[in-house]
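Can you read through this structure? Questions will come right after.
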Amino acid sequence: MHMSVLAPPAVATIAVYGSSGYAGRELLRLLAAHPQARAVACTAGTRAPAQCDLVLLALPHGASGEVGRELAGARLPVIDLSADLRGEWQYGLPELHRADIAGAAAVANPGCYATAAILALAPLMAAGVVEPQLVVDGKSGVSGAGKTPSDRNLFCSAAEGIAPYAPVGHRHQAEIESELAAVAGAPVSVTFTPHLAPFSRGLLVTAYARLAQPLSQSGLDELLLGAYAGEPFVQVVDGVRTQPLRGSNLCHVQGWIDAERGAVVVAAALDNLVKGAAGQAIQNANLMLGFDETLGLPAEAAWL
Amino acid sequence: MHMSVLAPPAVATIAVYGSSGYAGRELLRLLAAHPQARAVACTAGTRAPAQCDLVLLALPHGASGEVGRELAGARLPVIDLSADLRGEWQYGLPELHRADIAGAAAVANPGCYATAAILALAPLMAAGVVEPQLVVDGKSGVSGAGKTPSDRNLFCSAAEGIAPYAPVGHRHQAEIESELAAVAGAPVSVTFTPHLAPFSRGLLVTAYARLAQPLSQSGLDELLLGAYAGEPFVQVVDGVRTQPLRGSNLCHVQGWIDAERGAVVVAAALDNLVKGAAGQAIQNANLMLGFDETLGLPAEAAWL
Amino acid sequence: MHMSVLAPPAVATIAVYGSSGYAGRELLRLLAAHPQARAVACTAGTRAPAQCDLVLLALPHGASGEVGRELAGARLPVIDLSADLRGEWQYGLPELHRADIAGAAAVANPGCYATAAILALAPLMAAGVVEPQLVVDGKSGVSGAGKTPSDRNLFCSAAEGIAPYAPVGHRHQAEIESELAAVAGAPVSVTFTPHLAPFSRGLLVTAYARLAQPLSQSGLDELLLGAYAGEPFVQVVDGVRTQPLRGSNLCHVQGWIDAERGAVVVAAALDNLVKGAAGQAIQNANLMLGFDETLGLPAEAAWL
Amino acid sequence: MHMSVLAPPAVATIAVYGSSGYAGRELLRLLAAHPQARAVACTAGTRAPAQCDLVLLALPHGASGEVGRELAGARLPVIDLSADLRGEWQYGLPELHRADIAGAAAVANPGCYATAAILALAPLMAAGVVEPQLVVDGKSGVSGAGKTPSDRNLFCSAAEGIAPYAPVGHRHQAEIESELAAVAGAPVSVTFTPHLAPFSRGLLVTAYARLAQPLSQSGLDELLLGAYAGEPFVQVVDGVRTQPLRGSNLCHVQGWIDAERGAVVVAAALDNLVKGAAGQAIQNANLMLGFDETLGLPAEAAWL
């Protein structure tokens, strides 16, 4: 599962499978501005281009696993954006697994909710300051529900209100637990409820934990700042909101201590199609190809 | 603080203070369709109408308390929609305090988040089936931020994304704890984070608790159905969302058991300006005036 | 095609065909609150109820005509909400054809854009004060695009922007021309472009004409006020916008004179599912059944 | 009013006045990514930086004129984004006045509606194929109403519906007429109605004209394509809509012939804060500084 990169290619050819969905189109959009990548959109008929340097799979959940295993078997470096191979392939969250991703030949890109939830909670778990029973309340824009028409993503169903969905057993729940348990070195339980809110792009998780030991607001701020110092795409902010992150690969994090109740709340915001999908995949691709990790990835926060 | 209603008036004259804000305008809109009420909008200059049967105060937080105490001192039946007199006057949540409200002369109308959170969690607390450390994640439409212009309620600030605000110490937090503690007969801790989402009307709370004893999904459904059987404005539903409740005085409730994690999630949706403010105030007024509790209150759920 | 109503039924039984679309569901919602109607939702299997007093057809364009003709042939009073029988059956715009509708057995309900455009322009055409080359620019909420999933009514396609569609040859274009020509007593040409804007319900047309003779702003106001004096569902307003009309059967109209350019602009707003579809159908049904025209139809303008 | 650029500076220092409004913030955002510009935000206290190469004025209408004249008097190259100096300074629409802008010392940046309307109609006027009585129906996102709180830009006022404003005498009306008259070589009359629609960024104009001579659909397409061949920021498209243009400096144009009625409709879409304000200002600044006109300006169309 490991490959050694001797010298990065000057320009990498990247094959994108499944470019009709939201994540696939975002891959093509971002790759078009990537200074050292050339994207090739692959359809069913044109699969498995022999000469590409890396494959990005943006196929539907369920359809991706088989294709991914086949490509990996053919020794093509591959990143799968679906949930199919999470738990099996190297988990592609650079903030936790940068070196392993750089050395991996097959990477499973994290879910959008999982990315935000893990980035919100990992510093607390690593520091051992909270109880392991966590609550994660997620709010996603409607692009998170995909392009296949349903009662969830029609305008008149989704607009002008909010609703929870899949309150128990969402596929990202186990992914969050598994990663946070690895960080904590102990089992972790996450109760997770996603919601669809009426905007196109953007995702916010609000994560709740009980303090296992005293932690002040400034202690929390330092913990978060320390955890993400030097990270190119995670910023600790005051006034976390999703709007400024549209189109960028940034994740914004903010935490609050409720001293009276011994509780801590950490919110993390990102663009579900960029840091939550296509941008993070390109970040992983950069690592695997030996490129600068930030190449072609907008880090600037637009203001609306 | 109590008054006896000998016979309800055929048509009650109701004075509305503060009719320029969203809640005040909604009071006038609903009262215009009330078959036994006649509303009089009162401005600063025309205060304290001697002949009215009841006063509804929709003044800003902070400005309402003094006016309310003065009116109550003048023995006028009064309902205050602000937070100023909660904890001091009879709490106006009919589902918990119907008889006391009917006999009260001065009623504090609950906060919108508090209404939803208490209706979501009270059945669990009353049954003693959950631990007392609760998490309440709230999402409100932008009318919940009031009409005074700010960075929160300008269109370009609020649209096309979501943000938390006042994550610790929101004024509804203590209100929720106090009411749930009374139901539970024991102290309760609530970690509460409200969010502003991009729609005008509507509010959803997603409440999280850990089970203190086993509870199945059907057990939870029965618990909720039993708690709200006969309630005219609370319905246990499948597919809770805020959109169908626009303009109605209904609260929709739905619960889920995460058996694997010993957790329970209950969501409650309502229109923050109706069941969360003006509608509930009229429900309380109906009780205080000896009217049918449902008079003039839309219970129908529109579909979009 | 005419029937004589001897005495209106105390309660009319109304069969609704096609109750799964937006207009059909709105019919059922409104009829549920109608004091003298009992609605029966009819599916393919339960068609042609022999005992009903009137049939409302909310079937898709193209599928409605045949069913409508069959029902009319069976001497059942019927109102068709599709475009199929416009031009053939009595046109159901009460403000222009009240008496004929009351005496008709088969009525074609107007299109939503046509309703607004005709109500905006008919007073000008009747007064003979404008040239017959008209421009109508329409903006509709997304429910106007129906429930069948398409690239137009998915949330991420329709949200956060605006687009024209069917700029030439929209089916409402001929309908507007034909009605206005009848009012004017001379041919009329209408260039019509509809747009989809990101809200669920509501429709605005902005109609443009060149003055054929001088007309002052107050003259225009008087013309519009005179045309709609006594009309229960058309109001001349200052500050026309669609938001307050959600759920109501009202149409709001406002006009402006550009004296310098010899031009007049009239805007008309309504709820496309109520006055633009289901509400107007019930208004027509009331007329055909001998009921008060306003029965069961909300005329109140909510404020948001 | 003219200055000669001997050699462009390697990196230009650009002073931005009024960086708190939407246009000013967008200027800073875009300049941050400009490869040859360094932006200095100037507040009231720090005005008139002696060493800057160019000044961008994003002050409110009314406040900008005086400052602009003072700066121009001090021989500083300056671009004013307000309406104050339009008609007096060189009009900054590169597609019509590229050479004059490059040689000008003081440029008035066009209004957002004017930019779209002129780009939609200029090819028709230049070709002499339409009558000079034009209709322009504009739809703007709410950022077009500015940041000063009002009943127009509060979320609950603007969301979930649409409204016209300033139907006669909008400040862009004369600007459109003047530019189109210059193109046509004859007087032009424009009836213009702007509307506010519920999204943050984006603007669409739908322009209507009567044909003065026969023009087929393919003739219209060729006319538009010919007019904008080689233009870096104007594209003739099929399926014009505002969503893909968020953040880009592109203007998309599409036209339709209604042969039956002898009418032509041309729609133009752009981001009101980029091609309609800050982006166009930078395009003008690039010309005035002798830079490549496209420097630092995103031309890519994102998909949502």
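Remarks
As written, the chains take the letters A, B, C and D, and residue 1 is the first residue of each chain.
Methods note: a contact is a pair of C-beta atoms (placed from the backbone, for glycine too) under 8 Å apart; a residue touches a chain by one contact, two chains touch by 3 or more.
Just so it is clear, the model here is predicted, and its values are computed rather than measured.
Using the contact threshold fixed earlier, the set of chains in contact with both subunit C and subunit D is A, B. By number of C-beta pairs in contact, B-D leads when A-D and B-D are compared.
Over half of the residue numbers at the subunit B-subunit C interface are used by both copies of the sequence. The geometric centre of subunit A is 37 Å away from that of subunit D, both derived from CA atoms.
Averaged Cα coordinates give subunit B a centre that lies 48 Å from the centre of subunit D. The set of subunit A residues that touch two or more partner chains comprises 22, 143, 156-157, 159-160, 198-200, 304. Judged by the touch criterion defined above, the protein chains are all mutually in contact, each touching every other. Of all residues in subunit D, those touching subunit A in their complex are 22, 25-26, 29, 32-33, 143, 160, 200-201, 247, 300, 302-304. Residues of subunit B touching subunit A in their complex: 133, 135, 137, 139, 141, 156-157, 159-164, 167-169, 189-191, 193, 195, 197-200, 202, 204, 206, 208, 210, 239-243, 246, 256-258, 261-263, 265, 267, 269, 304.
Taken in their complex, subunit D has these residues touching subunit B: 22, 142-143, 147, 149-150, 153-160, 198-200.
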